Each structure stands twice: as C-alpha cells, then as structure tokens.
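Paired with chain B in one complex and with chain C in the other, chain A is shared by the two complexes that follow.
Moving on, here comes the complex of A and B:
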C-alpha cells in the first residue's frame, strides 16, 4: 500500500523531468545544446510566482478549471503502477483511469470555450474532433488486453504480463495501436506541434492561450504528468518485464532501473518521430487514428484466431 | 525598340503630350488630367506595359506620376499630370491602383475622383483628422497626435449561417511586426481574408527629404532591415544614375556578392520558416544554422550582420582583399554542400511534401492581375526578374535565365527559393573572378545640384523595388518615393488562402514571407 503511494509520488515528481529529457533529446538530435533537463521545474517555479490574469469575459470555469485538471492528473497517477505491483490492489480499474484522464481533456476544452477568445474556441473544436476519433481506439485496446489477461485492473494486467514469456504478435500489434493513440492523446507530433507559436495551427496550446500565472503552471504540470502516466501505462501493459512483484530491495532496484531505461527508450522514440516527420494536415489526422484503430482490430482478430 | 523610337511612336498617338527622355531609360510623358484614362488604355493596348505604381509630387500643384514598366526593353514610362486636389482613379484599368491612390489620398490629402475603394490605408482610427504628413506644409518632426478622429475602417465580411470571423493581430504570438488579418471562415475553411497593415508608419519618405545625401543611404537601408543591401544598392544606383557616374567592374562585382549573400540568408530563413510551420523541425534548424553562418560571414566582411552601410554611391565602404575573398569561398563551399544535403532530405520526406504540395495556390492569372513581382510571382509562372529586365551592376553578364514554376503553390515557392539560393552561390563565385585585385574602401563626397530626378529598380528578396528621387536644395532630396515589392504582393496572400483551412494559413503566409516594414515606410 505504502509502496504504491511512494511510487506514484515519484511519478508525479519526475514527470516534468521526463518532459525536460524529451526536449533535450530533441535538441541534441537537431544539433544544438538545448535547455537543461530541469528546465520544466524552473518554468513551473517561475509561473507559480507570477500574477494570475483572468479575462473579464470568462466564468468560474477558468477559475477552477486548472485546479481540477491538476487534481485529475495527480489522482490518475495514484491509480497507476510504476515499478511495483502486488496484483491484488482494489484500485486501478482501467475504465476509471481512462475517464479520470478524460476529465483533463474535458476541462481543457471548456477553458478554451470559456475565455471568449477565437483561438480557444478553434482549439476546443479541433481537440474534440481528434478525440472523437481517438476514443474508440482505447476501448478496443482495452478489449484486447481483457482477452489477453482476463482483467481490467492495471495492477493485475501488469503483474500477469510481467511474468509472461510468450509474447504473441497480437501483443506487438496492439502495442503499436496504443503508441499511436498515446501520441494523438498527448498532443504530440504529427497530430499537434507542442513547440509552435502560431495561434492558428495550435490544438492543445490554443485552448490555454488565455491562461497565465499559476493556472498555467498547473496545466503545464498536468500535461507533463499526463504524458508520464500514458508512457507508464504503456510500459506496464505491454512491456512490464522486470517489474517488482515482491518488496525485496534487489527486485525494487532492478525494477526502477529497468523502468527508467524503458522510459528513456520511449522518449527517444517519440523524439525521433517528432523531428523526422512534418505535422499532418488537420483533416489527415483521422487517417492516422484510423490506422491505430485498424491495428487494434487486427490485434483482437489475431488473438481470437490463434 | 530603341527608346527614341518609342518616344516618336508615343508622340504619334495623337494626344496633347510632351515627352522627355532622362537617364537613358526613363520616358517622362506630361499629359493632361482628363486624358489619363484614355492614354493609359491605349498604351496598355499598344505596348506590353505593366503598371508598377503611382505617386505624388508637390510643386505648386500636385503632380501625380503613374509608373509603367517595359519589362522586355527595360524602360520606365512615367505619365504625369497636374492636379489641384483630386486623383483620377485608375481602378479597373490599372490593377491594384487602389492601393496607391488610397496612399496618396491619405498622405497628401487628395480626393479620389471616382473609384470604388476609397477607404483609408495609412491612416488608422487613432490618427487626428485633417493631417497630411507628406505635404510640404507639414513640418518635419511634427508628430501625428493620437486623437482617434479618423473614421472606422470597413472590412469586407462574409456573413452566412455558421460563418464567423477570426481577427488575428495586430499583436501576434510570435515576435513579428504588426498586421491585422481578418478571416471569414465557415468551419475550418477560409472564405475570405482581408489584411490590414501600416500600423507603424514611420514617414521615411519625409525623413529622406530632410537628411543630407551623404547620410541618406543609412535611412534607405532602414526601410526594410532584411533587404538592407538591396536598398543600399538602390540608393547607390540612383545617385550614380542622376550624376552619370560609373563605378569600376570590381566594385560592381563586389556589390553583386553582397546582394546575393543577402538573398542567400533571406531565402534560407524563408525555407526554414516553411519547415517550422509544418512542424518539420530537423531541416528547419539546419537551414537556420546555415543562415547564421552566412550572417557571420557578412559580419566578418562588412562589420554588419545585415550588410548595412557597405554599399555606397561612387565606391565601396568596405575593404575587400585576399583574406575576405578566401573567407567567402570557404564559407560558401561549406554552406552549399550541407544545403544540398538538407534540401534533398526535405524533398524525400512524404509528410513534408503532403503539406506543401497543392497548398496555397495563386494562379498565374491572379498573380498577373495583382501585378505580383519577385519570387512569389515567379512561382506562379510570371517570368519577370528585375536582374534580367533592368540589369544593374554585373547582372548583365550573370543573369541568363529566370527561375520559375507553374502551379504557384507553397511547394513551388519553396522550389523557386531553393533555385535562387543555388543561383546565388553561382553568381558569388563568378563575381569573385570579376574582382581584379583588392577593392579599397573609398568614400566620395556626394554633391548634386537640385532638380535632377531619376529611378532605380532593384530586385530585392521580396520582388521589384522601384525608387524615385528628385534632388532639392542644400544637397537634400526634394522627394523620395519607394514602390516596395511587399506593398502589392501582400494581396497575393489573400488569394492563396482561399479554400484552404485555417491551420494552413501560417504555412501560406510563411511561403510568401512579405515584409510589414516595407509598407510602414
């Protein structure tokens, strides 16, 4: 129980570090030094000490939204195994996890619509447009995982998959589907460009254009946590080998190290993808998600027929 | 056709006109105010002329000048008529003449006689009323007060069910100059775009009238920072043309090197911008890096990253010796090799091509109608390059062909810019062979009698720049007029984005990359 709380705390605290590492990897791959990996912490600290400016046309949504978003992100972190799982936890239902994560998206969209700025509205409409296609994918992936492990509890799934030795090709296909969904869900390239300054092309950033000061810090922290949670879920569903299932020191150290290595590998993969392709035209994004959808269906069929 | 023959030919048209040839390729045609439209129509029909601009001079009366260019022979034909308080509107005959008329109307306070578009262009709502900054009775140094007396500007609006407007700017998220973009959209589709500029009009034409000729090149270079060398070249060309002076070939070749260096770093930044706007960050950073190498080269050879104060009339303001020559050759070689690799990479990336191909198309007919010039026009199939039509310095030897594409989309503009960079490498190498020995820094005092006038035409990175100047008393200019390329090219963008989706606007905009400050001159 306590180890679960500790591992989730570590995840929350390390989340901005993972964003910082991702940015640094991208910088190095493009041939320049880049900001230090701890930069996201400095940014959050700076934003927390800044004044909060709220548009006159906005309602209570903008006031409470950022806090709700951050709390949803933190709450979902506590429902995710990071490097340890006992497999008998009562928490950790995947549906609850997915819906808590949806709260973040829902409030982001409301904030975009709330601040009476044209860009916010455009961002919200685009976000919902992408989400509309992305949501069915996750249910198919959950269905696949259920067929594989007969469970919806992520702790149990992680434990079962951690000891699995025969990895089927269906498992790999489903992992690809999940990875594409993860990219779409976290507003990364090629769906959205997190580095852009162009209001007219933004999706996620457009919704929070009017947010400032500590509200912005909350939202930035929440997105960092969200990315870390998604990658952790991915690792723990599809690649959980080496996860600690008992509380021995040796197992825990091995689990932590393996977790970090897996995380770095996936950050590197995301970074390579992000620098080597151009962003898709907005109306091409459904085609990408359709690919993810097909992978998920294919995974289930392969499972069923094998 | 020789210019003398053209003069005789125009005289035969049978209008009461007076023609004068100046500076070898400028034909000044004094006409009557009532005949303007008729003469213009006849001349358009008879000769292959292009409308390039319209400006106002102030003597006792106002003199309106209509600039026509003969792109084949490299002649400028200027129709002049006197008027007391109104401009004959050429809207409908000469394309985009509304821009020039509205500008004259705002800055000189003349009425536009007939014509559809009479809205303010320079004057914004904040201006005080009844003020005309370019008139001689508006004293130099006097400021336009912020009194909010000018009438409100009316945008073209598309109003339908489900349609809405997106106002963008004048303050933007990026660090760019001010410009207001009013989109009328239905969903994500752009139905109409209107651009409003000139938020920071600097009155440079007024400043030019009050600065000594020997310092004036500095003011010219400030019209548009990214084309400093081209504006400096325009000034040098102008002064040398008026005083009938010819510099030696080494200096001419050196000027071409500087102009082409400017072209390289600008177009490198442009194509880097195109890559940034589609989120293709690897080549974007690499192009940016190469542009920085060129900037540093510029600083090493001229002392200025933007080549300022290097090109001056009658000589050169920098030394160019064996050391600089080697530096240029070495840097150009490094940049050229890496440039080709990265370009190859972008052209082999499907996701990049998918974004740029068939996006933001300006058809040839529209480009022609808007009198677009420069790279953006050449991407639409208009084969016009000032370096070929009005060859200056050593371009007569260098510029043999024109880079152009047919379709006129973002990809074509990208390709033309790449071709221009490759040409620039070539021209720099050839120019280096034309420099005999060392060029020494030599500044000669400029002193010109009053009443002389002339035009300079230069191909800047944005297109065709035409500068008119007339000298006045005390070694100062009496009137300077800049027909900047961006002034007319901006409207091409409004056509490029029609039918595109809103998220593709920044890409179209970056492929045009027009200058705001060229309008705010």
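Moving on, here comes the complex of A and C:
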C-alpha cells in the first residue's frame, strides 16, 4: 500500500523529467545542444508564478477544467504500478484507468471550444476525430491483454507478465499496436507536432492556445504525467521483466534501475520516430491508426487461431 | 373457447425493475414539465397535455405490470396512442403532424407484429397468461424462430432498431421536450422490457443463431445511428439518433447474452444481461437529462439548431452545469453512470470470448465488440459537439442572446436527474451486484452473484474528490499571489472578432463527415458568385431509400382508388349492391 503510493508519487514527480529527457535526446540526435533535462520543471515553475489571463468568452470550463485535468492525471498515476507490484491490489482495473485518462481528453476538447477561438474548435474537432478511431484499438488491446492474463487488473497483469519466461510473437505484435496508439494518444509525431504552434497543423496545442499562467502549468504537467503513465503502462504490460514482486531492497533497486533503462530506451525510440517522420495530414492519421488496429487484430488472431 | 382473463399482475424482478425505471425517471421529468408546459399556455391546452401525460405514464406501468398478453397489448396500444397525441401536441405546425403520422404508422407496424407474436404463442400453448406460458414452453420448442423474429420486429420497431428507426429522429424533435425525455428515457425501455420478457422468460432462451441476428442488428443500429447523430445540427435530432445508438448497444448485449445462454455459459450470460439492464437504467437517466437540457435551451432561446446557439453558459449557467454532467455521463466519463454500464458492456464482450470454444463465434463477437468501441468513440464525439457548440463560446445569433429566464421547477428536475447520474455511477458496484443477483435468480433460475469491479469506483471517486480539493486549495494560494486578468480571445493578431468565426456544428464534425458522410447522405456544395456560400446537407439514407418508395407507392395507389369516390349517393348504393351480389355468389359457390 505505502510502496504503491510512493512509486506513484515518484512517477508524478519524475514525469516532467521524462519529457525533458525526450526533448534533449531529440536535440542531440538533430545535432544541437538543446535545453537542460530539467527545463520542464523550470517552465512549470515559471508558469505557476505568472499572472493568469482568461478570455472574456470563457466559462466555468476554463476555471475548473485545468484542475480536473491535472487531478485526473494524478489519480491515474495512483492506479498504475511503476516498479513494484504485489498483484493483490484492490484498485487498478484497466477500464477505469483508461477511462480516467479520457477525462483529460474530454475536458481538453471542451476547453478548446470554450474561448470562442477558431483554433480551439479546430484542435478540439481534430482531437475527437483521432480519438474516435483510436477507440477500437483500445478495445482490442484490452481484449488481448485479458486473453493473455485472464485479468483486467493492471497490477495482476504486471505480476503475471513479470514472471513469464516465454514471450509469444503475438505479445510483440500487440506491443507494436500499443506503441502506435500511445503515439497517437499523446499527441506526438506523426499525429501531432508538440513543438510547433503553426495553426494549420496543431491539435493538442490549439486547444490550449488561450490558456495561460497556472492553468497552462497544470495542463502541461498533466500531459507530461500522461505520457509517463502511458509509457509505464506499456512497460508494465508488455515488458515487465525485472519488476519487484517482493519488498526486498535488492529487488526494488534492480526494479528501479531496469524501469529507468526501459523508459530511456522507449524515449529514445519515440525520439527517433519523431525526428525521422514528418507530421501526417489529419486525414492520413486514420491510416496510421488502422495500422495499429491491424497489429492488434493480428495479435489476437495469432493467439486464437494458431 | 374462452380466454383466461385473470387480472393478475406480474411481480417478478424484471417487471419491478422496469417499474422502478419508469417511476424513478418520470418523477424529475414531471417536476420539469411543471415549468416547461407554461410556455404552451398561450396557444395550446395545458390540461390536455397533463391528462395525456398521466395516461401515458400509467399505460407504461400497465404494460410492465400486465401478466396477460391481451392486457399487455391493450396497454401497449394505449401507450402508443397517448404518446402519438403527445408528439403532435404542437399540432399547429404542419411538420409536427407529418412526423407524428410517421410515428403513428411505425408504432402500429410494431403493434401488428406483436399481435402476430402473441397469436402464435397462443396457438402453440393455448395460454395468454405469462406465468402459464412459461410452464409449458416446451410446446414452443420448434416454433421459437418465428416468435423471435416477430418479437424482434415488433419490439425493434418501437425501440428504434435499424431499419425501423426513422420515426425517432422525426418524432423526438417534434414532441415537446419533456415528452421526448420520457419517450427516449422510458418508453424505449418498455420495448426492451417486452423483448426480454418474451425472449428470455416466455421462450426460456433461444438458439445462438438468433443471438447472432440480434448482435448484428444491434451493432449495425449503433454504428448507423451514431454516425447520423454526429452529422446532425439539431440538438434534439442528435439526441434522438443517439437514443437509437444506445438501444443498439442494449440489443447487441442482449444478443450476446442469448448466445452465451444457449452455449450454457451462464455466468457470462448473466453478466451480459446485467450490463444490458443496467444500461437501460443509465441511458434512461442521462438521456432524459440531455433531452430536458435541450428543452431548456429551446425554452430559453426558441431554437434547437446549434449553429444559431453558443455562449449559453452565461445566461443559463445552472442548466449548462447539469447538461455537462449528462454529457460526461454519455461520454462514459468516470465515475458517472454512463461509464459504469459501458465498461460493463465491454468487459462482458471481452470476458465472454475466453469461455467460447468456437473460433468463428469468437471472431464475430470480437468484430462486433470492436465496432461498438468505434461507436463509443463516436458517442463522445457527438456529445462534446452537442455540448461545446451549444453552451460554450459566443452567441452565434440574436436568438442566443435574448434569453428567457428558466423557471425554477425545470432546474430542479434537471438537478435531480444529474444527481441520479452521479449516484448511479459512484455506487454502481452495489447496483450491478444487486441486479445480477436477481437476474440470476429469476431469469436464469440459478444462484449466482457477480462480484466484479469490487468497490473500486467508490474508492476512486473519493480519491478523485480529495485530489481535486487539494489542487483547488493550491490554486487558491497561487491566485492570491498572482492576479487574474480578463481579455479578448487571442485571434491570431486579428482584432475584429466575430462570433461566426467560431467552429460551427457542421465544421466540428466535418472530419468525420469526410470519412463516414455516405452513411448519413452528407452533401457539400460550394457556390462561388459574389460571395462564397457553403451548403452542407444530410439526410437519413435508409429513410430515403427504403421508406420513400413505399410511401410514394401508397400515395400512387390511393390516388387511383380515390377516383371511385364521386360523392354521389347512387354510386355508393350501387357499390353496396354489387358487393352484396358478389358475396352471395361466393357464399353459394363455396359453402
């Protein structure tokens, strides 16, 4: 119980660091120095101490939205195992976890429409469009995980997969499907470019264009936490080897180190994907998600029909 | 031969559950109606409305309580006719009469099939009493197919399964909003009740083949209607299509339950039926809430076209908060009730697959589950569209600026419904366990208790509230240090902001229209003359392809037949005379 709270706290605190590392890796791969890895913390601190400018047109959504978004992100962090799992937790239903993460999306899209800005509506509409296509992939991935482990509880899934020695090919194919979904869900390239503020291309940034001050800090922090949670879920479902299942110091240290290594590897993969692919047109995004969908279907077929 | 006309009432769990739904939802809607009807005082009779409304509610309770197929049909017809009169309540608008008549015809098609169905049941068992029929359903063994098909058509037409749905998007916008709320929230559930009563109880379960028919029909309904819902700009039309979508979801989970039941996988089957029943309750609550919300918008502004609305959060803040809760519920946001039943539905889809041996079955169920996941995505899309365009941003026309004040009773009704939505979501594990226990006991006649999400949702709701409170406190502290300022929206350096620069309802769903437009008959027309005009139109493809030819044909035939009516009494007498001679000849020949 206490270790679960501690590991979730660590995840929340370290989340901006992972975003910073991702940005740094991208910078190094592109051949320039880049901002320090702690830059996201500085940004959040700067935003928290700035004044807040609210649009005249905005409603209570803009007032409560950022708070709810950050709360949802933090809440979902408390439902995710990071490097330790006992497997008998009462919480951790995958459906609840995924649906809580969708609160972030729901309020983001409403914030987009709230300030009567054209770009907000544009981003909101695009976000929903992508989300609608991603939903079947989520269903298939959850179905695959359930078929493999007979459980919806992420702590249990992590424990079962941590001690598993034979990794089937279906497992790997499903992992690829999850990775593509992760990229689409977290507004990374090639679905959305998190670096630009060019009106015609942005999705996630467009929705929060009129948000400033502490509201923006909350939303930025929430997106960082969301990315970290998605990567953690991915690691703990598909590659949980080395996870601590008992409370011994040696196991915990090994688990933390392995978790960090896995995290860095996947941040590197995302960075390589981001610098080597141009952003897709919005209407080509369904093709990407269709690829993810096909991988997921293939994984289930390999499991069931072989 | 005399019918057994015992006026007993059904007192089993199924009836009581649906009575609960009817009463539970109609109380807040009746409170809401108190204020809403005031609007009609000038032009229409309020007494007439109330008497029809009460009769409508009583007839629905009658349908659910009747233990006899004759009584069932009598109440069913009263329900259909009173609801018809309520749909055409604003009879001075010709469009309403037209859609009311479509509803009248559809509801009678439904009644006709149901009469056939009960006729067949009577033919094979010799019974009209439901309890006696269940005792001798072995007689029905070889005739289950035909009865199932009639039940599907009869109850499906009332509930709005594709292709029998076109009355929904017509009747709901025509009816007063409190009536739409009751029709969508409660009356459709009465049709679901009838279906469960006949297929699960009277027939005692049917073969998996029929389960697949139901699963596919439900999935198709959900897919077709959610895309149509997405493309609508009329709030009530959007909600009407979304009702049909939820009915599709309920019927497909019932289909899954039938399949599992016939494969003797009772646990999964009970879970699926529980999910269906729970979704009936939840959909009733949040759809009534959304329809009453649409009614408040109509009351306040006089329009239900979302392209003329916007910025309503300023003038009717309380309504917009209630509708936000309803929108979050329909978008399956935890811990609200829509989430509770929708996740249960998806879990039963996934869980059932594990138990089934046949690979073809697994494939079909997975495909339907995936399609329903797409539908869930579409439901969120359309819910956000309906809420965001209507309530947020700036007013798009004068109508949305000059707002009538909303009576307190309307707000009270909506507040109660939003409260239901939260309670049913947070305490969903108790409710699910309760429903599953009695479903197992009375419908499957087995002892089984579903213990599933545990009590996680309650725990998580508490945690969520705690975290929100903490962050709010932090925000308060931060706000004390930093000031908050209000400015114009940043329009990318363009200072001359106009409300029509916002995204419109059409624009919001345009990406989806590009992909799925063909399902909703989407047409875009750009006219470039002095100014650029963009016209976007949608229509119901099934209605146009399937119904209009039939209507045209009947109009054509009646046009021909009408020619023999000359209005002269001599001609009519000669018709009678000729008919008499022909009948006499026939009688003499044949008897």
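The criterion applied here is as follows: the second predicted complex is superposed on the first by the 306 of 306 C-alpha atoms of A that agree within 3 Å, B and C clash if a C-alpha of one lies under 4 Å from a C-alpha of the other, contacts with A are read in each partner's own complex, and residues count from 1 in each chain.
Just so we're on the same page, contacts are C-beta pairs under 8 Å (C-beta built on N, C-alpha and C of every residue); 3 or more make two chains touch, one makes a residue touch a chain.
Nothing here was measured: the structure is a model prediction, and the numbers come from that model.
Asks: Tell me which partner A:274 touches in the superposition: chain B (first), chain C (second), both or neither.
Replies: It touches chain B, and chain C stays clear.
Asks: Between chain B (first) and chain C (second), which, if any, makes contact with A:197: first, second, both or neither?
Replies: first
Asks: Between chain B and chain C, whom does A:31 touch in the aligned arrangement: first, second, both, or neither?
Replies: first
Asks: Does chain C touch more residues of chain A than chain B does, or is it the other way round?
Replies: Per-residue touch count on chain A favours C.
Asks: Could you say whether A:164 touches chain B, chain C, both of them, or neither, answering first, second, both or neither?
Replies: Once the two structures are laid over each other on A, A:164 reaches no partner at all.
Asks: Of the two partner chains, chain B (first) and chain C (second), which one does A:147 touch, if any: first, second, both, or neither?
Replies: In the superposed model, A:147 contacts chain C only, not chain B.
Asks: Would you check which partner chain A:282 touches, where first means chain B only, second means chain C only, and both and neither mean what they say?
Replies: both
Asks: Go through the superposed model and pick first if A:254 touches only chain B, second if only chain C, both, or neither.
Replies: A:254 contacts neither chain B nor chain C.
Asks: Have a look at where A:122 lands relative to chain B and chain C in the superposition and call it first, second, both or neither.
Replies: Touch partners of A:122: chain B and chain C.
Asks: Taking the contacts chain A makes with chain B in one complex and with chain C in the other, which residues are shared?
Replies: The answer is residues 118-119, 122, 126, 199, 209, 282-283 of chain A.
Asks: Looking at the complex, which residues from chain A come into contact with chain B?
Replies: Residues in contact with chain B: 26, 29-32, 118-119, 122, 126, 189-190, 193, 195-201, 209, 274-284.
Asks: Which stretch or stretches of chain A touch chain C in the complex?
Replies: Counting only chain A, the residues touching chain C are 48-61, 67-68, 70-72, 74-75, 78-79, 90-91, 93, 95-96, 99-100, 102-103, 106, 109-110, 112-122, 124-126, 128-129, 131-136, 138-140, 142-143, 146-147, 150, 152, 199, 209-210, 213-214, 218, 282-283, 286, 300, 304-305.
Asks: Write out the stretch or stretches of chain C touching chain A in their complex.
Replies: Of all residues in chain C, those touching chain A are 310-311, 313-314, 317, 320-321, 324, 328, 331-334, 339, 343, 346-347, 349-351, 353-354, 359, 362, 366, 369-374, 376-378, 380-381, 384-385, 387-389, 391-394, 453-457, 459-460, 463-464, 467-468, 471-472, 475, 478-479, 481-492, 497, 499, 501-503, 507-512, 514-515.
Asks: Which bits of chain B are touching chain A when the two form their complex?
Replies: Those residues of chain B that touch chain A are 164-168, 172-174, 188, 275-282, 285-286, 289, 349, 351-352, 354-355, 501-506.
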